[in-house]
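For clarity, chains are labelled A, B, C and D in written order, and residue numbers in each chain start from 1.
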Amino acid sequence: MALALQQLINGLTLGAVYGLIAIGYTMVYGIIGMINFAHGDIYMVSAFIAVTGFTLLAAFGVSSVPFALVVVLIVAVLFTSVYGWAVERLAYRPLRGSTRLAPLISAIGMSIFLQNMVQLTQGARVKPIPPMLTGGIDIYETAEFTVRIAYSQMLIVLVTVGLMIAFSWLITRTSFGRQQRACEQDRTMTALLGINVDRTISLTFMLGAALAAVAGVMVTVYYGVVDFYIGFVAGIKAFTAAVLGGVGSLPGAMLGGLIIGLIEAFWSSYLSAEYKDVATFSILILVLMFRPSGLLGRPEVEKV
Amino acid sequence: MSSDVAVPLLSVERLTMRFGGLAAIDDLSLDVPPGKITGVIGPNGAGKTTFFNCLTGFYKPTVGSVRLNHPERGVLRLEDLPSHQVAHTAQVVRTFQNIRLFPKMTVLENLIVAQHNVLQKASQFSLAGILGLPSYRRAEAQAVAKAVDWLTRLGLIDKADTAAGDLPYGTQRRIEIARALCVDPLLLCLDEPAAGLNPRESGELNELLLRLVADEGLTILLIEHDMSVVMNVSNHICVLNYGRKIAEGTPKQMQNDPNVIKAYLGEEEADELLYGEKGGESTGVTP
Amino acid sequence: MMLQLSGVHAHYGHIHALRGIDLSVQVGEVVTLIGANGAGKSTLLMSLFGQPRVSAGRITFDGEDITRLPTHIIARRDISLVPEGRRIFPRMTVMENLLMGAVLADPRNLDVDLKRMYALFPILEERLEQRAGTLSGGEQQMLAIARALMARPKLLLLDEPSLGLAPLYIKKIFQTIRELNEDHGMTILLIEQNAHHALRAAHRGYVMQHGQITMTGTGRDLLASAEVRAAYLEGGHAAA
Amino acid sequence: MPPLVFANDAPTAAERLKDASGVALIALLLGIPMIGLTTADQGGSLQVLTRWPLLAAFIAASFCGRLVVRYLLDALKRRRQAQDRQAGAAGAKETRRGGRMLESIGWLAFGLALVLPIVFSDNRYVVDTATTVLIYVMLGWGLNVVVGLAGLLDLGHVAFYAVGAYAYALLSTQFGWGFWAALPVAGIIAGVFGLALGWPSLRLRGDYLAIVTLGFGEIIRVVLINWTDFSGGPNGISSIPRPTFFGLPFVPSSDNPTFATYFGLEFSPMHRIIFLYYVILVLSLLTNVLVKRLRKLPIGRAWEAVREDEIACKALGMNVTNAKLSAFALGAMLGGVAGVFFAARQGFISPESFTFNESAIILAIVVLGGMGSQLGVVLASVVLVLLPELGRDFAEYRMLLFGAAMILIMVWRPGGILSHREPTLLLSSEGGRRE
């Protein structure tokens, strides 16, 4: 019982991180209808920026954790969104209007490039940082086990929920959100209505990267280690989460993330940690068999 | 009236199709006599295309039945067949309002794909095809001959090797009809075949449809807004509005039916809309 | 002079679609451009917005040279287009489509403009929350026109507004065109295959064949001319 | 949808400088966190190190690079526009001539492939690399059926490659099957896996199918890593028997006749290398002939038609599910056969060889080559295999350059190197007869 509760908390935290990255996937998919394979690596870049940021602040003797967190978040979001912008400008914009597969391949190329760039400039070794946000609240105690919500876990869940609400509102209710969706459906027509399509797409990539940046900082705080390969794994998981929830739906991305986080946590502790990815993907396949548009995705009305 | 007119080729009974709470088709019954052209008209959004989708297996109707009297296979219930079986077994073939060709394939290839089932059978799981057995080669030659025949009759033969997507709109419409004909339909369902055609082209379409019925004994179900087509070729017209049948009868009857005029043709100028549009005959301008 | 094209050439892929077009639209006019499938009419309208970009010639709007401006900047110059194939946003609601049309308009006019659209096309008001992709063809056409009008354009460009519409709706659309022009002083450039209707609604007309203007005159004159009747009855795509 | 084209008249010098400065600014922002700053482990904890000179060099390079590249691109673009205009009506004829030229390039490539091991008979590296190229060619041709012809986005092709490889490894080490006997069986096993995956997932639309296939690839890999009793786990399976020349092994000495003794040759390890090269050459040529033939058969046209418009296919009475499944199964089978060869050539396999990266590279080969183009696959395989090989001298930059090259090729030719589609049958079969 206690273990289950603890795994629930851990699963939700992990799921929140996946969800946060998945929102970025979904937003980019929602505007140019392509899978941004490099998104996971953008998240990895931001984790490295966070490591550098925290180390630098520590070197300057900053000891206030909230202050350091806020500063690093801002810095990481700023720099990472420039990365998001540059990725779009270099690898995707020249391919607009070509086949659906062309940007997918250049995205894979970009992912390989970013991984190796970080490996070269930052080193291949795992980067540990000292624990920052320690402590938590014990909510349930038995003789041998204590269920605890760490402060870092609370932070992650709160930030994620907040961002999801903000971005859902942005996309469904604001003029900018409508412009984004219009770009996805018919770019030429959107331009004919006087909207700067290039700018809208660039901004979306920057927002997606900013979300990945937040996730990167959170994970750095939570786990305390970062390496150049985390982007790939997280990217695949988040991509799965986005599809599971229904690509294009923000709450869907969140839900998909949470489900995958929970599966991983419970499967690892009760069945076998080795097969947790098998479980994740099997459930994805099962869900899609019965709901081909994902859990919250709107079914494509086949207009014949 | 000969006796076979009494047995309809297709009988639609109490067909209803609901999307959510909205009934796109509401309790529609209709008989399609063989060897005739039956027109389906009605305002945009009256449920005409939905009706076609129900006939051809793309939608499963909420209530009701669609029965086809197949000369060899007996009575077939179309609403139970998946869409490819509707074309393959029941030989009910349709075209689409927004032209659905295979744009990168040539016109000839489009027509060969339409004969897929025949050729696939002849190729015996592709084995006869890979080995280039004569049985398959003959079947392919026959398929090409059939395609060439239709292309010639529809005046498309010099476009045979062009990618279908590169051709003008009006030509694509004709290709789509030619392709449907290659499936050997009993019942051909045309969804706005004259949309986007100029007056001369729609005139040619009229001739084609009449020829198909006269020479091939084909039965045609026709959705069309172009009154110069519908009124001139249909033997029988069914008028839909809000998914319901509001009138049915000969073209003449429909032109004078107050309900039809009110819902579809327009109050005062019904006659002019019917005959004065494309040719401009009624404007009094002499060439 | 509201819109002026002089010596405009444009290529669509390898096709030389426009071959030296001279055309003008005065303030307050309804001008129609008729011609067969593939004559280049739609290319002409799209090339006003740089899609495709003209390869030679000059386009001015309200005295400003817009030949080389980016598409979205041209669209901000009080020109609205109802393009070929409607191009509504299928996965947005009717309301959202209308709001997209008003993206550049003064938000204070929004309510007034929406009411105007409901008056013009009552069916749209019934369907506000429905996804536009589920509308029927005619309803989509009305939505496309309404979306274009939401920007309060000075010049409205219509590409085959009657395509796929029931007779009653065609009448309604042409009535609307007349109303917009007479009551609201809107300038309109209209492309039609349905030449009869178009010429009756227009002050002036141009006939286009093979990417060139072959004839021009008042609507009434063109309607009466034997060559026009021959041109639009025979079609002009034979060589394409 | 046509891409947005913006006015791009020759910019003035000032505009060029401004443009390059913008790029330099972006380079600065990108460079600060990655090049300017880095962390290193010093005395048990991380320390921040700075590399400002390197950053400055990077920015300067970006500035100058942008000036040069922009100038060249502008010049190229103007020239291409002028050419386009002149080309005009000549377009149609040109494609036909292009088709014939491609055919001759194909025969030339075939000829080169045939004589390559003879010319380089004592250069193991060249023949080995060429063998690797051919493996990818074969994988690419298999995947081309799925992605290029049927238009199904498959990101997990490596799974079938792995199935084939492990099937052969297990059949040979556990049951003593020979290479040639195991080849078709392993191919069929992979095909069955293809059906098993295809059945539930083919009604998914494109990108959803992509993640499902990707997931399937990962499932296979994870199972291979963890099911140690079955697959040997991360250690893989070793001492897989090599193929023999009609029963004659390639070994230095043996009681039975060997390849060398039978033909009275002096033993050379190159014999096997060259033999393997010809085996994969034959396998891939068979694949090519098979796929080319199928493309001109009803099933092949059905694949392409499904790619173009599924709904129209249904309306014409085609069973779309069968068409898709057959493409999937055939692609899987060909992948499996390539896997058998891979296992036999290496003599050792482990899950490491079947990561997502492999799938990505195979897919890249198909897309870079030009969807559906058989010759394109060959060209792309050569490029993608040789790139990292050429990059061996700057080992650590090799994958960086590989990634960059993938982006550049795609940007340079978004339709792939060869994007021309040859019709499967022509009415005017002699090409020029009707002109």
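By our rule, a contact is a pair of C-beta atoms (placed from the backbone, for glycine too) under 8 Å apart; a residue touches a chain by one contact, two chains touch by 3 or more.
These numbers were taken from a predicted model, which means no experiment stands behind them.
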> Which chain's mean C-alpha position is nearest the mean C-alpha position of the whole protein set?
Replying inline: D
> What pair of chains is linked by the most C-beta contacts?
Replying inline: A-D
> Which chain has its C-alpha centroid at the greatest distance from the C-alpha centroid of chain B?
Replying inline: A
>> Measuring centre to centre with CA averages, how many angstrom lie between chain C and chain D?
In response: 47
>> From the mean C-alpha coordinate of chain A to that of chain D, what's the distance rounded to whole Å?
In response: 29
> Using CA atom averages as chain centres, what separation in Å is found between chain A and chain C?
Replying inline: 44
> By residue number and range, which residues of chain C touch two or more other chains?
Replying inline: 51, 70-71, 134
>> Which positions in chain B are in touch with at least two other chains?
In response: 49, 58, 96
> Among the residues of chain D, which ones contact at least 2 other chains?
Replying inline: 2, 4, 311
> Where on chain B is chain C touching in the complex?
Replying inline: 19, 41-46, 49, 97, 168-171, 192, 195-201, 225, 227, 263-266, 269, 273, 276-280, 283, 285-287
> Which of the residues in chain D end up touching chain A in this complex?
Replying inline: 1-4, 26, 29-30, 32-35, 37-41, 45-48, 147, 153, 200-201, 203-208, 210-212, 214-216, 218-219, 222-223, 225-226, 311, 356-357, 360, 363-364, 367-368, 371, 396-397, 399-400, 402-407, 410-411, 414-415
>> Help me check something: in the complex, which residues belonging to chain B touch chain D?
In response: 56-58, 82-88, 93-94, 96, 100-106, 108-109, 112-114, 116-117, 119-120, 123, 126, 129-130, 144, 148, 157, 160-161, 163, 179-180, 183
>> Quick check on the complex: what are the chain D residues that touch chain B?
In response: 290, 293-294, 297-299, 301-302, 304-305, 308-309, 311-320, 421, 423-428, 434
> Of all residues in chain C, which touch chain B in the complex?
Replying inline: 36-38, 123, 134-139, 141, 160, 163-169, 171, 193-194, 196-197, 223-224, 226, 229-230, 232-235, 237, 240
